[in-house]
Amino acid sequence: MAEMTRRRGRTGYLLLLPAFLTLLVFFVLPFYSLIATSLYDPSGSDVEGFEMTYHFSNYWDAISDYSGPLFRSLVYGGVATLLCLVLGYVLAYAMAFKAGRWKYLLLVLVIAPFFTSFLVRTLSWKLILADDGFVVNTLQFLQILGDDGRLLATPVAVIAGLVYNFLPFMILPLFASLDRIDPRLIEASSDLYAHPFVGFFKVTWPLSLPGVVSGTLLTFIPAVGDYINAQLLGSTGQRMIGSVIQSQFVEANNYPAAAALSTMLMIVILAMVLVYVRRAGTEELL
Amino acid sequence: MSQVADVPTEQVGDSSYDGLRLRGVSKTYPNGFTAVDTLDLDVPRGSFIALLGPSGCGKTTTLRMVAGLETPTSGEIRLAGDDITYAKPYKRPVNTVFQNYALFPHLDIFENVAFGLKRRKVKDVEAQVREMLALVELDSQARKKPTQLSGGQQQRVALARALINRPEVLLLDEPLGALDLKLRRSMQIEIKRIQTEVGLTFVHVTHDQEEAMTMADTVAVMNAGVIEQLGAPEELYENPRSTFVANFLGQSNLIEGTVVSRGSDVTSVDMHGIGVSVPTGRTHTDGEKGWIGIRPEKVLIGEEGEALDAPGNTIPGGVVTDVSFNGVSTQYLVRMPWGQELAVFAQNTGRTRIFRRGDRVELSWRPEYAFLLDFSQDASAGAQKGD
Amino acid sequence: MLQGVGAVAFLGASAAALKLPFFGTDGFEQDPASCRATDLSASQMKLIVSNWPSYIDADEDPSTLSIFEERTGIAVDYSDDVNDNAEFYAKVRNQLGSCTSIDRDLVMLTDWMAARFISLGWTQPYDKANVPNLHANLIDPLRNRQWDPDLEFHAPWQTGLTGIAYNASKTGEVRSFEELLTRADLRGRVTLLSEMRDTMAFLLKITGANPDDFTDDQWGVAIERLREVVASGQIRAFTGNDYTQDLAAGNILACEAWSGDVIQLQADNPDIKFVVPEEGLSLWSDNMLIPNQATHQANAEKWIDYYYEPAVAAQLAAWVNYICPVKGAQEEMEKIDPDLASNPLIFPDDDMLANTFDFMPLDAKQSNEYEGDWANVTGG
């Protein structure tokens, strides 16, 4: 009997092996080397190589030099996530409860933009928001935008681009969790004297929280790290942390700074996610 | 075919009636299916009525229209005199115990029960909820989540959640369907006890005839969107007015017969050459022919030639084709000379022997137990297959 | 969207490929003599070329490429997978830095990156005897580059001018870089190029330094000037060649631009003008390099020599519209298209070329430092 359990135990570990190896190769090793790189002496170069000097001040330098883009990224990512949540919730709700047999067609339409390139989709926003374009002209006509006002190369365009590009990541988990809600629960709340509005906040919203949490995480994390939208739709004042990391790595070849910034971004996001998940109280729901 | 229970004909919209009143209510879905067809129903205040019928008969749709979860295509629904036909569900003094309970999974038991009170901004929620949980014997479970409770406990939570609002009418939609047989029996008694205790009007939808008869004061048998017959359980059982009711409630032998004469007390019928009589009050057809109905347990069985203790005619020439002994009683199938097999339930009193297959027997019944139904109705309507 | 993550993963993977423990990395310098593969050209009639997009007339029939294949019997595996100098460097850095093959026989890189490749010892020298046309026909302004004065390692593929483009239907003539940075009516409607050397050459010029030879202090003055200009809101963005869309759409009125792009834009919109700024002419080239461990060196040399035939160069220039680096091509162009032969943006005259400047080669440390400064200013 003991022999038996031991063998079964060994099979279990064997089955875990592929996952373990995948994690090791695709997460542990890169992460380890990222941390190592972030501690190199920044005075090195590709010609001389980089020396490991446990140069922790790379982190302080990164913070003091790039707190602006870092903070800006968190703000843009946060605003874009919030807008995605509002837009996405309305759409996912309509799909789950009102669309009937059109439900899955709508789902396909939500995913459809993924069939074209991210870059092309973002560039097409340049046409939509062009200075002489329809949107700007309309806003100018309505006196919302001044006569020489513009949208391109402003935070508005960057956030619009972020919202557009990451909306599907919000809609899909929201739809999944809303679609799972038994419509009888909503009937029951109505039967128990809850105005539909109250019923939404007391029943539908709390039951959709798992979707809200995963949707906001799936949107926020990549939105904070994104740099394409800021680069194509923004101006010099809208640079995000992703683009700093990219230029430090690719252009300035300052690998230690790029690695320190990446690590820090990861830590900041991880901390925010932990606090958020804790506050949202989703452990109980999941 | 719809009927009005023990209420003299009153005009539509009379606001003096203090119970639940449905008049000419119909529901036709966009796909053309008519779930409820011009239904009239009165439910007196404080009574317990069961809507009984097979699935698709319109009983749940009727209930949902009363709850406000469906809007009638035509007709009127009044509650204590107020027209609530088009009132929003959250504005009706009506609460529902849903099929599968529909408890809020993210709220604990206490919050589930308190939900309605809190929406109405009632004071003293805590005490009322405690009291209600005590009534359904769940005081110790108040802080658990619904999924941590057994089916029977969830059922009681659903009941408490609705009852605590003291609605004018409590609607129960197949509330016991998900429970096993034993639990179902005890819950039937429990719900009945609670109803007596709180004195509210209960409308109970079920497809289980035994459940309906056990619990309700009045049973409305529904079929194809209309009420076939409405009345007290004994009355429905003893004196069904249609083949559907005769078959759906319990079991009936329906034998073809021709009306010979109609007297003031009895109707005489020729049944395959044998004269039988049916009381006038149990004659439900004006036609030439009819179905003579008799419940299996009312049929007496005896040895060929033996004098049976019944004032009615003896029907000879039966042959036992099937015997099933189940302790308290024995069920026989007896092939009659005209080829039909009649069901007979005999109490095992010991006074007669237990017959065996192939035995020749005579049958008999007291005329006052027989009933006569419209011949145009399907003799197998409402029969539950495999039951 | 995943570029950021990708960069991180790439960064991780690249470092992991080298040395795992918490040790540093060695330099990436190599010796071309020891990183040389055996030339298989004689037995394999093959050539693998990596170039920038839209940089060859391959869709024409016949094209310079198809004629080359026919004439030499060499099958060319041509791909346009160079989109950005820095990105390409990041892509091949680990292989070339460790003396392994990148499976290419010829790559086209801009001057400064070509200089970096050559100084890191990543490219193979040409056999001078195999490229006589290069030595005979390269136009004079492109000779004697500081980083490879004797054309041992590089041959310009195409050459361009960095200057100013403006939309004449929306604004008046823009004559100098100074105007671009200061004119009030252009405020917020100007873009500059995101290639550090292109833009900073002009800034150095404006602040009185010589881009061919400047000091750290002069650099500091120039970058400070740019910082002020950016802070004033004059500059809308720093772009790659996507400025063409903005210029055509009217989102911007004027910009720093590359000559070839503007010629192509002018075909659709005659209002777009290209100006040689008063500050001078910045001339640059994309150069053909044979990376270490390339296995078809001789075939690559055949390609280089072929494209330095004036007739071939003219045929190519007629399609790509950049400056042709080959002497005698102008005469050949007369036969193809006289208009193009007299276009100074394809065949600049001596006056234009008299005032050209270059960006001095930077060592790795300077490059990192300047690129860092540049990134900080352009990123706000």
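Letters are used for the chains, namely A, B and C, taken in the order the chains are written, and counting of residues starts over at 1 for each.
In this text, a residue touches a chain if its C-beta (ideal position, glycine included) is under 8 Å from a C-beta of that chain, and two chains touch if they have at least 3 such contacts.
None of these values were measured; they are calculated from a predicted model.
Taken pairwise by the contact criterion, the protein chains link up end to end in a single open path, with no chain closing the loop.
When every chain is represented by the mean of its C-alpha atoms, the one lying closest to the mean of all protein C-alpha atoms is A.
Across every pairing of chains, the maximum count of C-beta contacts belongs to A-C. Distance between chain A and chain B, defined via averaged C-alpha coordinates, is recorded as 58 Å. The geometric centre of chain B is 90 Å away from that of chain C, both derived from CA atoms. Chain centres here are Cα means. That of chain A falls 35 Å from that of chain C. Shared interface positions of chain C, defined as residues touching 2 or more other chains, are absent. For chain B, the set of residues that touch two or more other chains is empty. Put simply, chain A touches chain B in their complex at residues 182, 184-185, 187-196, 198-199, 202-203, 206-207, 285. Contact residues on chain C toward chain A in their complex (touch as defined above): 1-5, 7-9, 11-13, 15-16, 20, 22-29, 84, 86-87, 89-90, 93, 97, 119-120, 188, 196, 230, 235-238, 242, 245-246, 249-251, 363-365, 367-368, 371-372, 374-376, 378-380.
Here chain A touches chain C in the complex through residues 26, 29-34, 36-37, 39-41, 43-54, 65, 68-69, 118, 123, 126-127, 130-133, 150, 152-153, 165-166, 222, 225-228, 232, 234-239, 242-255, 257-259, 262, going by the rule given at the top.
Those residues of chain B that touch chain A in the shared complex are 67-69, 88-91, 94-96, 98-100, 102-106, 115-116, 119-120, 161-162, 165.
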